[in-house]
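Below is one structure, written out as structure tokens; the observations come after it.
Chain lettering (A, B, C, D and E) follows the sequence in which the chains are written, and residue indices restart at 1 in each chain.
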Amino acid sequence: MKEVKLFLGPQHPGMHGNYSVHMYVDGDIINKARPMPGMLHRGFEKLMERRYWMGNLALIPRICVVEPDPNEMVYAMGIEKLGKIEVPERAHWIRMIVLELARLANHLMSIGGIGAPVGLYTASYWSTADRDLLLDIFEKITGARVYHMYIVPGGVRKDLPEGIEEEILKTIAYIESRLPEYYDLVMKSPIFHDRTVDNILLPEEVVWELGVTGIGMRSAVNKEYDIRKVKPYARYDQVEFNLPYAPYSDAFTRVRFKYIEAEQSISIIRQAIEKMPKEGSVRAKISTGNALRWKVPAGMVYSCIESSRGEYGYLIVSDGSEMPYRIAVRGASYPQGLLGVEKYLPGHRIDDASLWMDTMGVCAPEIDR
Amino acid sequence: MFNIVEDTQKTREDTRKTWEKIADYFRANSIWMKWYCTGCGAMEMPPTMTSRFDMEQLGMGPMATPRQADVLLITGYLSAKTLRRVIYSYEQMQDPKYVIGFGSCTLNGGIYFDSYATMTRLDHYIPVDLYIAGCMPRPEAIMNAFDTLIAMIKKGEAKGWKHYQDNYEWYNANQIHSLKEVRVKDEFHE
Amino acid sequence: MSFDLLILMMFAGAFLAYLISKSNSEAGGISTVVISLISLVLLLLGKSQVGNEFAILYMTFKVTTIGWYFSAVMILVYSMTSFFNSYWMKQMLYPNAYNFLYLFSLAGTVGLFFAADLVTLFIFWEMVVWSSTFIVPLGKSRRAAVVYYTISSIGSMATLYAIMLLHAKSGTFIISEAFAWLATDPTMATIVFFIFILAGLTKIGIFPFHIWLPLAHGSAPHTFSPVLSGGLVKMGAFIAYMSVGVLPAYQAFSGSLKIMGMPIQIYLLMVLGAISIVLGTLMAIKQDDAKKLIAYSSVANGGYILIGILMMDQLSCAGSLMHLFNHAIASAAAFLTIAVVAHRTGTTKISELGGMIHRMPVTFTVYLISIISLAGIPPMGGFVSKWLIIQGLADKGLLFMALAAFFGSIGSFLYVFRPLAAVFLGQLAPKNYELEGATLMMKIPMVILSALIIFFGVFPRYILEVIGEIQSSIGITPIQLEGNAIQAINGLLNSYHVFVIFGFGFLISLAIFMLLQKSRKVGLMDTFTSAEFIHTPELYHYSHDFYAPFERLYKNHPSVENFLVNIANKFDELGQMVNALFFSHKPSITVFWITVVTAIIYLGGARI
Amino acid sequence: MNLMNLIYAFGLLLFAFVLQTSITGINRKVIARLQRRRGPRWFQQFIDIFKALSKSSTSHGWIFDFGVVMALGGIMATAMFIPIGPLQALPGLDNIFIIAYVLAVGMLGMAMSASGSGNPWASIGVSRALTNMLAYDIPFMVVIFGLIFAYDTSSLSGFAAIQQEGGILGWNIIRFPLGGLVAMISLQGMLGKKPFDSFIAPAEIASGPMVEYGGRHLGMLFLLHEFQTFVEVSLIVHIFFGGGATVLEYVVKYALIYTFMNIVSNILPRFKIDQAVTFFYKVPLALAMIQSLLIIVTGLGVA
Amino acid sequence: MNSMNSIVDDLKGKFDIINVVFPDDMQMAVDVDKNDVHTVLSYLKTIGYKQLSLMSGVDWIKENEFEVVFIVFNWDNGIHILLRTRLDRENPVFRTITGIYPGAQYYERDIHEFFGIEFEGNPMSYKDLFLELWDEMPPMRKDFDPLAYSQDKFPERKYESQFIPEVGVIK
């Protein structure tokens, strides 16, 4: 037979998450690839219709375990738009800090995670341990390491604890000092160059064809296309940050952008801690009576934010009852994870398949929902 | 004459038991895991594996394929689609093999108790030696569980794999009931 | 029986086989077995006749050790392969002709090896060339026969020219006298040496004459490929040996420029040998046809043999002569196993096969043993001979040859492993579940050959003693043997001890294996598939483009084939241009050219 | 050679196993420190091997079993040829070429067994492993060729003896620094450590040849790997670092070299297989040719 | 808001728009007939709405209708347009938009799987994607009860009696 059919995932060490790609390989070139999602399908959209608006707060972060906070944020934003709820000023800033911390944690994870497909495990060991310091901060702020359920409609669940600002500053300073070390270890390695430079390209027309967003898009179209810039939410319009963009997107560029974005996140957190109102309410009163029985006005709204992988959005439909009528989730990696794999993974080598999945930012749970 | 045969059998049985005990010491102190990242629990595995919690100090390490592994970590909810593959993987592992179920989802369905896609009870389909409660279990809990598993293996209590062999019909009937076919043969997606 | 009768008997046998095949082709196939086996026995028993001289008609012969040695190799390969003949009779267009030519070419080679004068040599050479030329097209392709004949005739013409030249200068046809005369005339010696060895190069398939090997081996009948590769190619080695050893090349070239202590004439040829090793290895790695793959490996091994013979010293020459035997039986065995596979499945394409071990375990084992020898891994014969060649090179410090030798020997792991992994191991395609293995008749020669491979790997002295005699006969120090140990300048090789240690290690390992818990047998499809289920079993075997990343590195290399094809195309174009210019459909153009030519002749005829 | 030799060889084999396995265990600890963690106990590697041997296993046919046995047998036979410092069980058989080629028996057995499992990942891994071998062995062999020409010996103990005459300055790594460098790079390839470990890359081909092994097969593979490492590192110790006048000296050199290789391996990503081939044929092969030509033509560095 | 109004005017001038609402200041929802969807989408794509952010369905069981929502986004002015159309619930057939937005390929497959809406011209959309061996009605329909399905298929743990007593639970 000219071809051999190989399975990348669901239980392959090269695949992050429970996701499968069937590859038809000739020699070492992938001729045909078929994504096989659904291993993580839990029927979220259905479950959300069966829970109260407030009850869903426990459910939504679990859609994407890698970066749960954007889920909370889009959900809260959507309800605030439907219910025309004004969020207190301080809550906006706290949300921004939490979101950027989450982005930083996620970038750290993938900065180290790039070590797995290229075999540089030391990077993963270091960065995952450093990321844990951020989780400690989350634990202090929200009481949980991963699923925070912190950003709620109308603000945040509770105010920041005493003295957390200093701790955040200390931790991000430490992480900032570690970033160059990772950069030296990973990005300056000539072997890493050999593997990633001019490899796994993402041309601009592919970006538009698939609908790729986030780092992939910015590195290909040479524009600062970021929801935080294009339609700022929270208080992103009041902090200064510059996102990297480039006209040529190869694996190396996309990994490098993660470093720059991590630095930008650190800078945003610093500015936010400096600029945020030091006190004030953090949660608007949204209902009278039983919060669980709270009804959201009827309507349909699409709310979206920039997650670390791109545009993350919810289409929220309410019929005015105690439960959502329909919520549809736009996972940020849906385009590249399905159609991208089918159309643009072929032509690459099996050596690069894992790297492809990694640098394109394919995240299984948000595709499967 | 008859007695001698019986005696030899008895000594053989004794030797086998002694060997098993020695082997159990090795098995307890070197647990290779196949970390099937089925769900959320997978997120707390990297911290457990890496520098901060460093589970290699317990003699544990990740392995690439189920054939090489001793313990199968089911790190969270299982959709029907994944469950088929988990059973397949479990059957490919070599005896003695252990299973740890992570989080409430494997225990009783957790937050997905009413989902049409996920199963609610893992020990219905494969034998589970240990559950870790919580959503999701923290690295400390995971390390704690590994400690417990080690103790269980040393005492010879982790016999789930034997249970599976002995009660295969029961497990298989449950699998068939929930999944219709365990080993899917059609090409669904192409 | 004296050898003149042997040769005559073999010719008679050829005609007998023809007659038997006329009535029953399969019986004819079996008759080739009988006749070649009888010849083999007679030859082996006649070792004592070395030194005898005899004549048939005007042709003179002399029984030499080297001739006996080569004849033994040749008849061994022929007789072993002949067991397969009867299975292919149905597929042949002319089975009786095949049987006839098969034995005829065998008789021709034996005559060639014993020839005492150059004319006899040439006559028998032509007999072999012609008979094999007619066998090759009985397989798949006629083009292969054309290429084979063209390259062979280059050799033939060169030989003829050298013989005539030599006769004109020295006035004799007797080999020993003519060559001895050459030692006095270095210029003449160089010319004759090059022309004469050209025939050898074409036959061994040394670069740039290697192109016929894969074509002819790949498309000859499956039963003839082992003979071509294991036997007929060795005729070239014989000629090379004649040109370097019998023609005292080192003596004649003692005054010429030296590179690393080697005369430049010899060094140049060694470079060709080195190129052949590298080229053969690289090409073999990328072949998809198992037969072509082994054919290219013959090119590479031909390079080793040539380098060793050219060294003409104690170690390398012995290594080379031994390698010739090892390669002959190993590659014959490998070809035979492929023939079995081809007989059962009808294809030799590696990418169409797989998992044959589950249907033909004996064939697999034979292939395994033969490739261990081909790749030069102990304890098989190939290791001893390659070791000797490399020791010789190390002694002289011939770095570039050694580089090629290392490349060839490690590269050979790659190419011999490919059919092993993709044809015999791996997944058995569903359509082959009910396949049958080799028949008893096929197993006999394969088992004998593998037994020989192992035997001479463990006890190389039995063959090296003969080689020692050959070396003494041309006046170089014979290889030193101490019991089973081979004493080289840089070290000692006791392959019997290596074998014992290996066996000891194997026993320990086996003991560990047996003491532990018994394994559970599982099906081939029950493998790690990343937990996915296999839907298409026929797609679950990795065989095509086995070394794809490596092959890609030299995908766009220059090749002799392309060069020749280009030249042919250019000639074709030239012809077409002439055709278009002078013989156009329009008469006016023809008239024009006639006018021009006439005018030129008229105007300038006197000066031209 | 008699029975005593074999028993002696078996004793050395056991010593080699304990030595290499302990050093592997200690190295796991060293690497753990490099990665800022505590790491396993130093004897973890023993536990791992015995554990694997104690488990049940599955077999994909006789060649799957036979290949493993042949591989381990071949490698153990190779290990018996290796002198440990002054201890040598089989004098006269420590010829480099014999060792290099008997080592290939193990490789072949392993490759055969892996392909015999019928798993395409394994076949891809094997194809990469063989390509890798073609890459690292040529420069190494060229250097060795030069050294053999220089010293007229190809036995390991012979090399060690010659170097020990000159003290530290007599070591070949000092006399032939280019060749030593090439040999160290090749050793990295032989050991299958990063950056030359694409044949077992878990993220690409799910640990390649090892993919189907479990239980005793895997345990024997681990044993094999320990012996193989022992043979390969020993080659370098003997040829370039003067072997060992005493066992202790030998063990120290051995441990240091192995640890050094391991640390290097843990701060590098891995090459793709064709990049590895290109690399070996560009830099180390050129250096090796220069070194050997220097030896053969000028005799530079030869005592 | 100005730019949004101009877009609305533009659309209204060119197409038969049923209704326009503004859920948010950078967002508008446009209802069109199902036959107009393709022309409107093509037009939107030419004026800069190059990205299909999301395509999804809503089951309006009371009206006995499916609603298909196309969310397109213009990165240059940051406006999301929610283009909505209604289909008959009994015979939910729609024409594929993969010719306009190739990225819709898998969204259509997704919707087909979860709602049972058929997309003509997209043969791939008829195949399963997330679910395997699914034997019920498309699960996102409002009349599908996941709890009942789950209880039928996946027996729940009964806490009174443990089947396997030796299972330990870490609290």
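As a working rule, contacts are C-beta pairs under 8 Å (C-beta built on N, C-alpha and C of every residue); 3 or more make two chains touch, one makes a residue touch a chain.
These numbers come from a predicted model, not from an experiment.
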item: Shortest walk length in steps over touching chains, chain A through to chain B; value: 1
item: Any chain in contact with chain B as well as chain E; value: A
item: By mean Cα position, the chain sitting nearest the middle; value: D
item: Best-connected chain pair, where connection means C-beta pairs in contact; value: C-D
item: Farthest chain relative to chain D (centres taken as mean CA coordinates); value: E
item: Far-end chain from chain B, centres as C-alpha averages; value: C
item: Distance from the mean Cα position of chain D to that of chain B, given in whole angstrom; value: 36
item: Whole-Å gap separating chain B and chain C, where each centre is the average of the chain's CA atoms; value: 57
item: Mean-CA-position distance for chain E and chain D (Å); value: 59
item: Sequence positions of chain A contacting 2 or more other chains; value: 4, 10-13, 22, 28, 36, 38, 41, 43, 46-47, 50, 125-126, 129, 349, 351, 368
item: Touching two or more other chains - residue numbers and ranges from chain C; value: 526, 528, 530-532, 536, 540-543, 546, 549
item: Where chain E touches two or more other chains at once, by residue number; value: 129-132, 139, 144, 146-147
item: Arrangement of touching chains [line / ring / star / complete / other]; value: other
item: All chain pairs that touch each other; value: A-B, A-C, A-D, A-E, B-C, B-D, B-E, C-D
item: Chain B partner contacts - residues on chain A that touch it in the complex; value: 10-11, 13, 16-18, 22, 34-36, 38-43, 46-47, 50, 58-59, 62, 65-66, 109, 124-126, 128-129, 131-132, 135, 145-147, 365, 368
item: Touching residues on chain D, where the partner in the complex is chain B; value: 28, 32, 35-41, 44, 47-48, 50-51, 54-58, 202, 206-207, 210-215, 218
item: Contacting residues of chain A [partner chain E, same complex]; value: 37-38, 41, 43, 45-47, 49-50, 81-82, 208-211, 213, 223, 225, 230-231, 299-304, 311, 313, 315, 317, 325-326, 328, 330, 334-335, 338-339, 368
item: In the complex with chain B, residue positions of chain E that touch it; value: 127-133, 135-136, 139, 144, 146-147, 149-150, 153-157, 163-164, 166-171
item: Residues of chain B touching chain A in the complex; value: 34, 36-40, 42-44, 46-47, 49-52, 62, 64, 66, 77, 79, 81-82, 85, 89, 111-112, 114-118, 135-136, 138, 189-190
